[in-house]
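In the two complexes that follow, chain A is the common piece, with chain B as its partner first and chain C second.
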Partner chain A sequence: MRRRRLSTVLRTAAAVLLTMLFLFPIYWLFMISFKTAEEIFAFPPKWWPSRIGLGSYAVLFKDGDATTVANSLVIAGASTLIAMFLGTLAAYSLARWRTGGEHLANWIISQRMVPPIAVVFPIFLLYVFLGWVDTRVGLILLYTAFNLPYVIWMMRGYILDIPRALEEAALVDGLTPWQVLWQVVLPMSRAGLFATAIFTFVFAWNEFIFALVLTRTEVTTYTVQVTHYFGGQSNFWAKISAMSVLGTLPIFIVVGFLQKYLVRGISMGAVKG
Partner chain B sequence: MADLRIKGLHKYYGSVHAVRGVDLEIAAGEFTVLVGQSGCGKSTLLRTIAGLEDADEGTIEIGGEVVNDEPPRRRDIAMVFQNYALYPYLTVYDNIAFGLRARRTPAGEINAKVRQAAGMLAIDHLLDRFPRQLSGGQLQRVAIGRAVVRSARLYLFDEPLSNLDAQLRDEMRGEIKRLHQELGKTMIYVTHDQIEAMTMADRIVLLRDGRIEQQGAPLELYERPATRYVAGFLGSPPMNFIQAELLGDGGGVAVRLTDGTTLPLPASRTPRLAPLAGQPVVLGLRPEHIARAPAAGLRAGQVRHTARIDLLLPTGARTYATFALGGAPVVAELQAHDVSKTGEQLELAIDMNRSVLIDPTTDHVIA
Partner chain C sequence: MTPVPVPRQGRRHRDRVFRLALVAPSIVVLLLVGVFPLVYLIVVSFQNLTMSDTDTSFQGLLNYRLVLTDARLWQSLLHTLIFIAVALPTELVLGLAMAQLFIERIPGRAVFIALLVLPVLVSPIVAGATWALMFDNRFGPINQILGWFAGEPVSLLWTIKPSLVYAAILIAEVWQWTPFMFLLLLAALSAVDKSQLEAAAIDGASWWRTFRQIVLPAIWPVMAVAILIRALDLFRLFDIVWALTKGGPGTMTETISMFTYVKGFQQFETSYVAAVSLLIIVLLSTVVLWTLKRVELSR
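The block that comes next holds the complex of A and B.
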């Protein structure tokens, strides 16, 4: 009895310690963003600021740097929506009508295996030709193209897991195939939909290389903006941290709300071949 | 007028010829059971009727109208699936109401119909629950409720009881039959279980390798099987089959088994069988046609035979006793106390009136 309690205590302690270790960089990031310049460079380091100062954030908003977060939101959000819509339709078709035979699905996922750096310059030249450099549409379409294989592959797995009889029952009950997709397939794969959408969004949100090459000033995303604070002479740690916090918050919030779907979605059906 | 008429139906899955030319007519209000071993094409046939599979050849008419090219929703059918096929994210009420809503039934009517169907199936107290909160038997009731709540032309059941345990299955069998009597709808029921077929059907359609082997009323098939397959499929324990030869001697006919035992056949069968004397046959005897012989006086057509009992399977009401006859193990259905232990010698009366003779080359029943 006592032994078991001791092991529980030890395990909990280990878990707390590990969690603290992993969370420390995030904690530190948040703290720096609230500190004054002197506090940031103080030695020995100050574990928490003397007061919560929002000065660094104020600068970002005043200079207009914060709009890059809005750019990221629009671009990642729009490309996620488009990729989810097209990808789910394609996945349904692949899963239920064996569109393209046995190998089309594998070919599609292979498109995800291309190292982005290998195609970044051809795409840049293409975008120059099309006049899409430094436009939202350009990045939205590009991220959609990159995310589509992933969405198709994941959603196909979730859809294959839905018992076919559920769809057949709905067809007999009087639904059209489109209604079946809407009223049966989507509700049945809700957890998978959310999980896939989150990963798709996070990919677009964090994407750096294409954003760096394909944007100039108009639609800079926050990932690119952060790099502007690394200077030759000095690094603007206050801005870097405040910008990073702004860039992290949306993901925190989204994942916080959709956590239960995320866990269920990851653990279900995702490994169907 | 037939409510369902199928002509020359063929269905292929790649190189597999699942349904091989089925002609079938089902009258309005009839309860028809499609029965056969797994892979005989019964489920495929049902799914083709529902429109979930396309017919490769032949026509399907429902209510006089060819529906081959109609999608399931326009065929006006309701179906119960083997694995219930309930929507886990909807309550029992919404599951039952699903088909009515899909067909834009007014809300008040939906409510009345759902409650009526639920009442009929004794699930009215479960309407607010979700499928995951129900037991297997309750799930099956909901699945049936979802079908019968609709006023469809045709009700299809695809092995609806095969996921239930034996006791529940017995109960639900009666329930579905009662439902059919109350509703008077045309129902087609698929099962691999011959007892389900016998107990529930107005008419049994026995399928084998994608063809109809025989169809008719349950007792008709049971008592007058057309082939060895039908004779062996219906009945539990199954009919005993014994290799024999047909003998014709002046006055009458008899069968001689491989061990020399000769069993005379009743005189009424002589005219039909006498010309076939000398031909090898398979003798089919149902367990219930072999009884313990009375001390004296057999009924006409009964033959006395002494046997040593090798195996006893008491079930309470009856005891199934196995003995050797003509080199084959033969099961007799005896009264519970007819025999007390294996190894016992017993006088048996074999009722040759009811015996079946089969041509071993064609497997067709001769008489």
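The block that comes next holds the complex of A and C.
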């Protein structure tokens, strides 16, 4: 009994230490965004600001840089909605009737494994041709396409978990397959829809390479905006940190409420939650 | 609402159309971004397009011969493989050790886990920027802490000095993705049959033997998926390196993704980039197919 208690104490101590270690960089990022310029460039570095200053944020809002977060929101939001809609329909068909067999399912998931850099160049040229560079439509469509395999894969898993008998009963009652999908299947996979949508949104929100290549000035997302402040010897640290926090905080808050979906979401369904 | 009786034959046909109609829009979108680039890459890789040269005549295997002799390309591939070879096992072992730590009840367990997962949610480019702040030679906390131990001010150039850049990138990478491994392995460990573990303990089996013969087989399916996801992500490593070193000093930390980006969007060697992109796709598909044949993925 004594030994057991000692072990718990040691474990807890290790857990505290580990958590501090992993959170320290995030703390540092947030903390710098609240410092004044003099404090950022104080030597030796100070570990906390003298007071919570919002000056760095004020600059971002005044210069209009903060609107890049709105761009991220519109692009990630719209592409998530479209990908969820199209992907869930396809997932239902794949799950219930094995449409296209194993080959189609495997082809779809293999689309997710293609590295973006290998296809971004032809897509860039196509977009130049279509006049879609630096437009919302362009990025929304691209993120939709890149998230579709994930949505189909995840939703297929969730729908396979729903007992089939319910749908068959509804069909016997005279509902059309379309009505069954909307009135029986979707309400029952609400948790799955929710979880999948969150992760689709996070992928699009945090994406960098496509946004770097396909935006210029009009629809720059926050990830690209952060890199605009990198420069030679004198990085604009106040702006880098404040912009990063503006982009990171919403994700922390949203996923904070959705802890229980996290594991299944990021393991692409390998772990059932 | 009375259901209209539908003749059996007609109904079966209607269901078939319905099934295909559900899949069709997704397939069209995937073909658009999956197949168009592929066809384009194949055609253009046999031409000799650059930013200034718009001659579309076919040049045979010119670009593929260039690929074979381009030292910078193969070095960037080697750098990528080094990152995978070091980061992946490190994340796996650390993640597993952390999962072992958290598998038993400790006070505030759920809170610890929720906090530990935060690095995964940070955008990789922001993670890179964060570590650039951490590693700054004068105003970053890393050198400051090292200075406490050294007893004198330390000003290591983490993102510039050739002997340190790999360490800097790997630390940032391992920091961001070890929690990913941890979370998945923790879920897998929680699902291991407790009665088997107790039986092994009663038999006096060593920790290592229990792990090899009971735990590892049980968590392997999840572990395999985790390794595959991370390996594919590491192969496309770009953001963290971009934020920390931009591939430097020189091209010392340039990954295959960065090489392709520089050739395509800074030097505009259109046809050459097409050949490189195809090489990447073929290489990756081969490795993934080979792996999938050996590892039965979920379901």
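As a convention for this text, the second predicted complex is superposed on the first by the 255 of 273 C-alpha atoms of A that agree within 3 Å, B and C clash if a C-alpha of one lies under 4 Å from a C-alpha of the other, contacts with A are read in each partner's own complex, and residues count from 1 in each chain.
Just so it is clear, a contact is a pair of C-beta atoms (placed from the backbone, for glycine too) under 8 Å apart; a residue touches a chain by one contact, two chains touch by 3 or more.
If you're wondering where the values come from, they're calculated on a predicted model, not measured in any experiment.
The partner of chain A that touches more of its residues, comparing chain B with chain C, is C.
Judged by the touch definition given at the top, the superposed model places A:87 against chain C, while chain B stays out of reach. When the two complexes are overlaid on their common chain A, residue A:50 makes contact with neither chain B nor chain C. By the document's definition of touching, of the two partners only chain B reaches A:187; chain C does not.
In the superposition on chain A, A:170 contacts chain B only, with no contact to chain C. When the shared chain is aligned, chain B comes close enough to touch A:179, but chain C does not.
Chain A uses residues 173-174 to touch chain B in one structure and chain C in the other. For chain A in complex with chain C, the residues that touch the partner chain are 8, 11-12, 14-16, 18-19, 22-26, 28-29, 32, 40-45, 47, 86-87, 89-90, 92-94, 96-97, 99-100, 104, 108, 110-111, 113-126, 141-142, 144-146, 148-149, 152, 157, 160, 173-174, 177-178, 202, 205-209, 213, 223, 226-227, 230, 235, 237, 240-241, 244, 247-248, 251-252, 255-256, 259, 262-263, 266-271, 273. Within the complex formed with chain A, the residues of chain B that make contact are 50-52, 71-73, 77-79, 81-83, 85, 87-89, 98-99, 102-103, 146, 150. Interface residues of chain C facing chain A in the complex, by the touch rule stated above, are 1-3, 15, 18-20, 22-23, 25-27, 29-30, 32-34, 36-38, 40-41, 44, 98, 101-102, 104-110, 112-127, 129-134, 138-141, 144, 147, 153, 175, 178-180, 183-184, 187-188, 221-222, 225-226, 229, 232, 235-236, 238-239, 242-243, 256-257, 260-261, 264-265, 270, 273-274, 277-278, 280-281, 284-285, 288, 297-299.
The residues of chain A lying in touch with chain B in their complex are 163, 165-166, 168-176, 179, 184, 187-188, 190.
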